[in-house]
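Two complexes are shown next, each including chain A; its partner changes from chain B in the first to chain C in the second.
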Partner chain A sequence: MTTVDARPPAAARRQGGASPRLSRLPFPVRLLARMAFTLLGLLTLLFFLVRLKGDPAGVLAGPSATPDQLDAIRAAYGLDRPLFVQYLEFLGDTARLDFGESILSGEAALGSVLGALPATLLLIAITMIVSVVVGVPAGLALHHGPRFVRAPLGGLLTLAQAVPTFVIGVGLISLLAVQLGLLPAFGSGTVESLVMPTITLALFPIARTARMIDAELDLVDEQDFLRTAAAKGASRRRVVWRHALPNAFPAVTAALVVELSYLISGAVVVEVLYAYDGIGKRLVDAIFARDYPVVQAAVFVIGVVVVLVNVFGDALLRVLDPRTGRAAA
Partner chain B sequence: MRTPDLRFWTPVTVLAVVVTACLLGPALVDADPIAQDLGNRLEAPTWLGGNGGLLGTDSFGRDLLARTLAGGRVSLAVGFGAATGAVVLGVLLGLLAGYRGGRLDRAIMTGADIWLAFPFLVLALAAVAVVGSDIPVLIALLTLGGWVLPTRVTRTVVHRLRGEDYVVAATGAGASDRYVVLKHLLPQVLPVTLVVWSFTVGTLVVIESSLSFLGLGVRPPTPSWGNLISDGTVYLETAWWIIAWPSIMIALTVLCANTLGTALRRRLSGAGLDPEVLS
Partner chain C sequence: MSLHPSTPRRSSSLRRVLTGTTALALGLAVLTACGDDDTSSGGGAAVDDAHVTLASTAITSSLDPAAALSSVGRSYTKQVFDQLVSFDAKGELQPGLAESWERVDDTTMTFTLREGVTFSSGAAFDADAVVANVERVQSGDPAYTSVAAKTGTIEKAVAVSPTELEVVTDGPDPILLNRLTLLDIVDPATFDTDRPAGTGPFEVTDYQEGTSIELERFDDSWRASDNVEAITFRAIPSPTTLASALQTGEVDVAFGLPADVSVQLESKGFTTTNRSAGSSAITSLIADVEPKLADVRVRQAINYAIDREAFVEGSLGGFGTPNGSQFLQEGYLGFDPDLPHYGYDPEKAEELIKEAGAEGLELPIATTALFKTQAEAVAGFLNAVGFKSEVVIEDLSAFIGSLLQKSQTPLLYWQTDYYDLRDIAAVTRFGPPAPGQQVHFDSSEYQELFVQQGQELDEDARADLIQQMAKVMHDEAGVLMLAWPDNLYTSAPRIKELPLTGDSLIRVEEMVVTK
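Up next, the complex of A and B:
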């Protein structure tokens, strides 16, 4: 091995990952290859997870099953065949989007999961919008505000980053729903029922966005183009909003993409907490009911969403900051 | 005399108090965290005029002071144990990626990117559904939830050090890989690791309590901060104290772990180590 060789600077490696051979391919092809690779990895993980404890028939049948019942289940699910055959068949079924039927309701597992997806996506999308709409001004206040604003704001943001989602949620329920009776504590489908889940989920990303805006503004504060703009007579407001702030957009967009996985994890907790009928709640319900086809379908659907959003985010980043594309090549 | 650095010593002190209290819990409180006393259900703390001891009792009449401390034992054991595991794993992978470079480096870092893109809680839930949630399983699982940050940080540090004159000189003088890694790289990586460890403790305590809150982590009757809160949500209107104490403890622990990490990072960057590594 070589111990010393020339390394590209950190910024050029930020996009990392693609091997030299792959990087000669056009960007969309590379992206598709990575998507397929990622999903394959997830499926493999799912497949072996179910077999981790040895016999999935035992898991499916529950602890009280008789040997005859176990044999019947093995035959019914094809678990008596070689592992490799099972794996290929699992991949084949997945490619045909067939996860089997829900053990509880009998309907197609994928269908029942997909039905709950829009509600979750809505929650996450609104949370992202809120986190930017509130987070950006908060970040500006944190950077340019007077001292008596900065200190308490910084404390609040630190607190928002430290308190877990469900603690915030329980607090909100007790305050807004139980004490004041302003909003419904549970349920889904109405606009009011979105308010508390959104606030609960958004506090952390708001804090992250604000901190990031602050840090990115730090980087450009002393740069020439800001001084030039000010010298040309641009108002302070214009210098901040028009000249300084856009520099933070790529970082904020990148963070939103990364934050998606946090938001989905958070959405699971929030959906259970507020009895909001989304994919996270379906997943947890299915786990409690030992409804494994639905569990697999839910994890798969979440995986696809994550991959798609990452692809979309990568593409968006290239539009927002052309440097990323050049640096990665 | 320099004045003590409060931003460092405050979280250290608070964490030390929390950990000590939880460890010594059974010795300090004579109530049993699991023993039920159904005649004494949902009693308010004594200072609120109730009959529930210092922190009140829950829906089975169990003493909440004892339960909060016992729950802390479990939550902290899982959090600290898994964070330590994650940092060890991360340092090994980071050294491998950063020192070997090339294809292995790309493979590990791509793996890290992909791993981070997935919502870990979802994977953890699926895993727990199959393999159960005994405490050793939880620790192993959460180790997998925290390996990315220490791996990335270690790799970045090692990458930068590899080009340093003394590393090049050692290699040129015929030092073995093992010698270079142990003598020249690891000592520089370890302080940074401490920062990562601190942040990771915070993250993993949250994940453990989220799992337990959903009813899929630490299983009752063994208390943990997460399942204490989950027990208390039903009694939000009548007995708010059930959720109050574990919530405060989680918030305090995570807050202190994060502040400690920030303070350590500040110290390190003062000592010439690049803070940018951790941003």
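Up next, the complex of A and C:
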């Protein structure tokens, strides 16, 4: 979704006949159409994937049920009808934002998922802020710092990228909760309960941001305008902060937007580990129970969030780097 | 299949990966905590009005007890609702909302109900309430399938007076009382509300779907006590985190911890309460998939191939009893102490395989991620005597389909439960098959006996029938018997007493908690 680089006209033509016509439409309309197509594709894929194997009737009825009872449950939830009929009805319901009720709890599926969304968004927002606030200075230190800082910092960043999330999480719980007793081992809804999930989630994007800043500054360093600025007597600090960094930002921002989408899936692992009541944990619970309505609602909501994040990222990039918008138009 | 506290309802390999419950992670969690050894055992005096937190990898999926028949569901419903009769600590039937009962004829029983009982909603409990509850679970609502299946023999309930109830079954039902232990009585006025009200010692004050339930003492309950004032039920999907939360003191009692973690926690002052899970770990041998399994020699060879002591030690962490004889354990009606066990005799197994011409027979075992270790142990023993076996992991919902209807794999590893009904009648999978259902043990004799025991009202005669069934199953080696697994509860040092019901649920109102 993210147009990190300006898309050449040839690429637009390759997408078929709809694109040239679409491109004549106003930007918001194009955006909506693109969102709708993306979500339709996502939901179609999902609808058939979750039904490939497994059966919610079995989970609901339990192992001591009889085949008759299984059939009765399937009939009650319309699972006995042809798949294509179910699919068409699903599309119709989705268009009305009606995802039905959870097979397991009987609650409205979309309401249940939306109820868990703020907790996940909060976790991701704080993680992003921490990633930038820690990652950008770390990147600068990696690029401009003295050697005795760069070497260990580089090692730490590699470690942060290499160690799997759940190992970091288990280690943090052992240290901060069990050994030191500083933080709760699990939970959600309090400031304390956000600390470990945030650290666990943020380590990877911090390392990535720092590496991106370092790499982008390498490229920018060669540019004439930096030498010009230095020649005109700008201080080293001004050269870095005013001239070099803003030119490194578009690429870093684009990477962060992509990262944000990954964070939503990364949050699934973290939410399950810390029993953090967000949309990821709901999704995992629903997948295991073959609770189709909740799975579909959760993936729909996550899809909308990812699409919106990408739209926002596009807009932000146009502001940060006006060339992006002009080239894409 | 076991959906017991020790084996949470929803689990699978992906979840295990997601939650990082690898041996490495679990070891790390417990070992790093082994540094400080300052667990002062709860030698303090018992306190009143305690607040306890009980946690497992999942909590009930619904506050409505008729839709919450899973084990994690029942650990909650037991605190809030009552039944007409229930199982005491020894598994004997004891009065609940019914003070006494009497059999009138083959299909009718009358109950005298407890007087002066109120629901937490304020309404009075009476016979009409029971009738409404019976009618509700039999309404055909798919959410109640599970409880409807267990109480399916009940034709109707009639309120003779506010304290007199008549229950009529569609045929002679020797275990009607056992079935009634699963029927939680809800105030009918709260059927379709967010907070179904019960007569138990606690009432719900807050519910976060899939995450937590808060209960507070209902002082007017007929079985209220001073011991515990409030309970929190928490879902902590990762066993690693669950173990950590016990150590930080955030959780008082955990169920669903792997056995090895429970053992490690014991060395730190935590208590493991293990109780027979009312379940039998078995492997179905399906001749419909592998015709060679129709040969009794092949089935016997499979039974002789297993070292059950090693199986219990290695894959159940020692929490279980080796079993090579029958489904039921001691204490259940029809248990036969004299029925021989299949011992570990690999030479005999190899001999039988040779006789049957089954050398190198491929016997893959399907199971869910929950039982992966156990199934792998079985596969190992089978390979050692000359079969070719490997484990196929199926998603839980797919596996239930394989189990209930049709399997493509000749062997299925699972646990057949009878803890809820406390009776052989719960082991339905080997009885007469429903139309289209794959047969797991093709014996008309066993199936006929199963039907007979289901209608025999004389207890001694029924015990005899159940013993005959066990003998047929044993002689024909109709299934691979492995062990009777235990249920594990791990509790913090401050929990001095953790009383359990006969169906392995915690009686929180009688817990003794120290400072």
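We adopt the following convention: the second predicted complex is superposed on the first by the 266 of 329 C-alpha atoms of A that agree within 3 Å, B and C clash if a C-alpha of one lies under 4 Å from a C-alpha of the other, contacts with A are read in each partner's own complex, and residues count from 1 in each chain.
Criterion: a contact is a pair of C-beta atoms (placed from the backbone, for glycine too) under 8 Å apart; a residue touches a chain by one contact, two chains touch by 3 or more.
All figures in this text were calculated on a predicted structure; none of them were measured in a lab.
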First, second, both or neither for A:F27, with chain B first and chain C second | neither
When the two structures are overlaid on chain A, which partner does A:F288 contact: first (chain B), second (chain C), both, or neither?
-> both
Which of chain B and chain C A:E107 touches, first, second, both or neither = second
For A:I173, decide between first (touching chain B), second (touching chain C), both and neither.
-> both
Of the two partner chains, chain B (first) and chain C (second), which one does A:V268 touch, if any: first, second, both, or neither?
-> both
Mind working out whether A:V306 is in touch with chain B, chain C, both or neither, as first, second, both or neither?
-> first
Which of the two partners, first being chain B and second being chain C, lies in contact with A:A162: first, second, both, or neither?
-> first
Chain A residues touched by both chain B and chain C?
-> 53, 59, 164, 166-167, 170-171, 173-174, 178, 268-269, 272-273, 284, 287-288, 290
Residue positions on chain B within touch of chain A in the complex are 100-103, 106, 109-110, 113-114, 116-123, 125-131, 156, 159, 162-163, 167-168, 171, 180, 202, 206, 209-210, 213-216, 226, 229, 232-233, 236-237, 240, 243, 247, 250-251, 254-255, 258-259, 279
Spell out the part of chain A that touches chain C in their complex, as residue ranges.
-> 53-56, 58-70, 72-73, 76-77, 104-107, 112, 115, 164, 166-167, 169-171, 173-175, 177-179, 181, 184-188, 268-269, 272-275, 277, 281-282, 284-285, 287-290
What residues on chain A touch chain B, complex-wise?
-> 1-5, 7, 10, 16-17, 19, 38, 41-42, 45-46, 49-50, 52-53, 59, 158-159, 161-167, 170-171, 173-174, 178, 215, 258, 260-265, 268-269, 272-273, 280, 283-284, 287-288, 290, 292, 295-296, 298-299, 302-303, 306-307, 310
In the complex, chain C touches chain A at residues 1, 3, 10-12, 14-15, 18-20, 24-25, 28-29, 32-33, 35-36, 58, 61-62, 64, 67, 69-70, 140-143, 145-146, 148-150, 208-211, 234-238, 240-241, 244-245, 247-248, 250, 395-398, 400-401, 403-405, 414, 417, 426, 428, 434-437
